[in-house]
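Chain naming follows the written order as A, B, C and D, and within any one chain the residues start at number 1.
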Amino acid sequence: MSSSARTRMLRRAAAEIRPGMVVNLGIGLPTQVLAHVPANLPVCLHSENGIAGVGPVREGAAADRNLIDAGGAYVSTVPGASFCDSATSFAIVRGGRLDLTLLGAFEVAGNGDLANWIIPGQFTPGAGGAIELAQKARRVCVLTTHADKSGRSKIRKRCELPLTAPACVDRIVTDLAVCDVTAEGLVLTELADGVSVAQVLAATDADLIVPEGAIPTF
Amino acid sequence: MSSSARTRMLRRAAAEIRPGMVVNLGIGLPTQVLAHVPANLPVCLHSENGIAGVGPVREGAAADRNLIDAGGAYVSTVPGASFCDSATSFAIVRGGRLDLTLLGAFEVAGNGDLANWIIPGQFTPGAGGAIELAQKARRVCVLTTHADKSGRSKIRKRCELPLTAPACVDRIVTDLAVCDVTAEGLVLTELADGVSVAQVLAATDADLIVPEGAIPTF
Amino acid sequence: MRLPDKTATMEAAIAAIPDGATIMLGGFGVPGTPFCLIRELVRQGQKDLTIIKNDANETGMGVDWLLEAGQVARLIASHIGLNSRAVRMMNAGEIEVEFAAQGILAERIRCAGSGLLGFVTDIGLGTRMARGKTEVTVEGRTGLLETALFADFALVHADRADHFGNLCYAAAARNFNPLIAMAARRTIAEVETVLPLGALAPEEVHTPGPFVDQVIALPELPEVYGVVQR
Amino acid sequence: MRLPDKTATMEAAIAAIPDGATIMLGGFGVPGTPFCLIRELVRQGQKDLTIIKNDANETGMGVDWLLEAGQVARLIASHIGLNSRAVRMMNAGEIEVEFAAQGILAERIRCAGSGLLGFVTDIGLGTRMARGKTEVTVEGRTGLLETALFADFALVHADRADHFGNLCYAAAARNFNPLIAMAARRTIAEVETVLPLGALAPEEVHTPGPFVDQVIALPELPEVYGVVQR
């Protein structure tokens, strides 16, 4: 993936964040979306280790030893931030107060199934907060490269890995396209600039519904 | 009950409060025990509306509109007090952090059953915190006049009123005596000054075990 | 990024409440009761309400205004002994009253606010509080299943807040307020002092802003908030 | 009345922990981890411990010291991915690891601390996290029964405390600390600054003193508490 494709994907993901939302950015690619959120957007970033109102990353001498996000990065807070314990933090998630989460994926299926926490025999670190984020955020947007490093499509007919949560994903944003999980199936809704429908279809294992007419680009 | 008998009873009840304890004083007679607790005793008074470290009652201009105890009295706090929400306050009770509660009674039975919250058809205001205090304090001491206003014994073979909690009472302190609930039954352990064993037996509906030898007085 | 502004007017906030709504009210006695929001609810006159509150206040204040106006169909509480009208209306069948042990009421509200379905407790076993409840065995111990208690609206009284809805409560006025703030589809907070973002230290916030939908600054405190003279 | 004094020495507090004990540790990563209490536990060498903590810290700190010393038989956590030793020992069968979803772990600990038996949640339905769990239906909705998680000892790190054990936590160092402080038979707090009674405002206390048994003032903070340089 080129640097410009990566930036385009991150910018497109940032556009998922709407004014007034409480948002949790998962570890990995989603965290990088932060740099593309407009400075003046009214939004509250949540971190599951007990922060509402996460601000920009802090490095070196500016870091506070007691202030990390759930990914372990030293962060700051914005004015009006608050801290809470881990039970209250997940009450925000499970209680319906988290409007959006952006999550990474190992695999995501056309029916919205998500696998992003375990690769049996290879990667078994525990789920952390992923299960609750995936299952309970009001809106779940997966942000991932369309293919894994070996070129295998991450957008699958069915997930083969153990699920994080079934039927939880609303939208998938990749370096190639935006796809929405609908009652009819997975729908191609946007194309990355310079990418063709045929390229996306070739890169996607899941069945993909291509709407008639022009498809918007990002 | 004479004023001196009342004072004697309250003083005896105050002696149940030992150094280091977290204590909840129920509404009514138990609240009056406060005046008989030594000023320097290391103890934490809990109120179920979310106070750990209740201090003396405040009246008139000294009252804080936001600071009442569970009985509705304006109170103060001692240095080192804290406030918490109602769920946390009852976590202290149910979680085993409340060492002692002194509770009033309509009826208390020889097996430790307590009825102090409802008189069907007459008095049905709801249980408030009584059920959890009775069931979960590490030690439950009932403080009550031996007889009700009509002269009927409150210390019963069995409670006829609906129970607050079954088999929850450890000790009963009255104007006449102190009785302990034991595996063998209800045992007379102390007599009020000037009260005879015969008087206590006559005033008690429950079967009462009278130990051999001299019985201490209070 | 900056945090959203949730300040609102009392009239509009309460106007969103329809007839038949389930409403949680903060407060244990006077402290923490949202009297101004209740007064506005009386003025607007929504009917057939289910009210969830620790108590029914005393005669002549708070919940009693709603009872007097005939707006309440159902009351879920732990203790209503200080309100003789509530007791009389209950006994006359004019309102339906459901009692819960006080800490169980608190916990059922928090359970809803935490996105859980219910919990299992031994509180009430062997008493009439167990009637009609399902028994569940947990690792060999028997308990009663208590269900999460949700509301459409939570009306909260806070001492201090910021524009994002971070709330701080005074002394024993905290009580049920942080719990109901979590458990409603919409949480409306009346606030004695509204401060700019950043004026509350992040460590001192009692209810984090994400739980709160609307913040209403109280212009003045009516006498009912004061010390009750008996 | 005055509130009891709970200040204690670290050596005596940790010496009360027997072999085979179940110990909860605060902390999410570095912030809130009671490194000094863990170091003393390593020095005293109690064996066959069950450790309950969100994570296993990173290699070379905290939980990792206990793993390296062979003191851990069982670990209950939500995520151990930053500690390769923990993952290796789990895969080699040298320690038993039980995983819970992070918020469910927090809630199971709070459930014990609140004197409840368990709770019902739909979290994990349709995934392997549901394996072996009992299904319970609550008002027509199916959930999984999660059990209260108790410990013999909770080791907590606080920023400020008073002699009675009222605790305040700094920033994101709060995390699991207030929850584990509720859920153990004995709660031991190491504290950066111990203040006299009354120095903490009653409204700002995060963990009320009744939950805490022993308060240990840290004389100095070892480097491990600092910002991790990667």
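Please note the rule applied: contacts are C-beta pairs under 8 Å (C-beta built on N, C-alpha and C of every residue); 3 or more make two chains touch, one makes a residue touch a chain.
The shown structure was predicted, so the numbers you read here are calculated from the model rather than taken from an experiment.
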| item | value |
| --- | --- |
| Between subunit A and subunit B, the fewest steps along chains that touch one another | 2 |
| Most distant chain from subunit D by Cα centroid | B |
| Of A-C and B-C, pair with higher C-beta contact tally | B-C |
| Gap in Å, rounded to a whole number, between the CA centres of subunit D and subunit C | 32 |
| Centroid spacing, where centroids are CA-atom means, of subunit A and subunit D in whole angstrom | 29 |
| Centre distance in Å when subunit A and subunit C are each reduced to the mean of their C-alpha atoms | 35 |
| Contacts with 2+ other chains: residues of subunit A | 77, 83-84, 87, 90-91, 93-94, 136 |
| For subunit C, residues contacting two or more additional chains | 107, 110, 114-116, 121-122, 169-171, 174, 202-203, 206 |
| Chains grouped in pairs wherever the two touch, ordered by label | A-C, A-D, B-C, B-D, C-D |
| Subunit B partner contacts - residues on subunit C that touch it in the complex | 28-32, 54, 77-82, 87, 90-91, 97, 99, 101-104, 106-107, 109-110, 121-129, 159, 169-179, 206, 225-228 |
| Interface residues, subunit B side, partner subunit D - complex | 19-20, 22, 37, 39-46, 52-53, 55, 77-84, 87-88, 90-98, 136 |
| Residues on subunit B engaged by subunit C in the complex (per definition of touch) | 47-51, 63-70, 72, 74, 83-87, 89-91, 93-94, 118, 124-132, 135-136, 162-166 |
| Of all residues in subunit C, those that touch subunit A in their complex | 1-5, 110, 112-116, 162-164, 166, 182-183, 185, 196-198, 200, 202-203, 205, 208-211 |
| Subunit C residues touching subunit D - in the complex, by the definition given at the top | 107, 111, 114-122, 136, 138-139, 141, 143, 145, 147-148, 168-171, 174, 202-204, 206 |
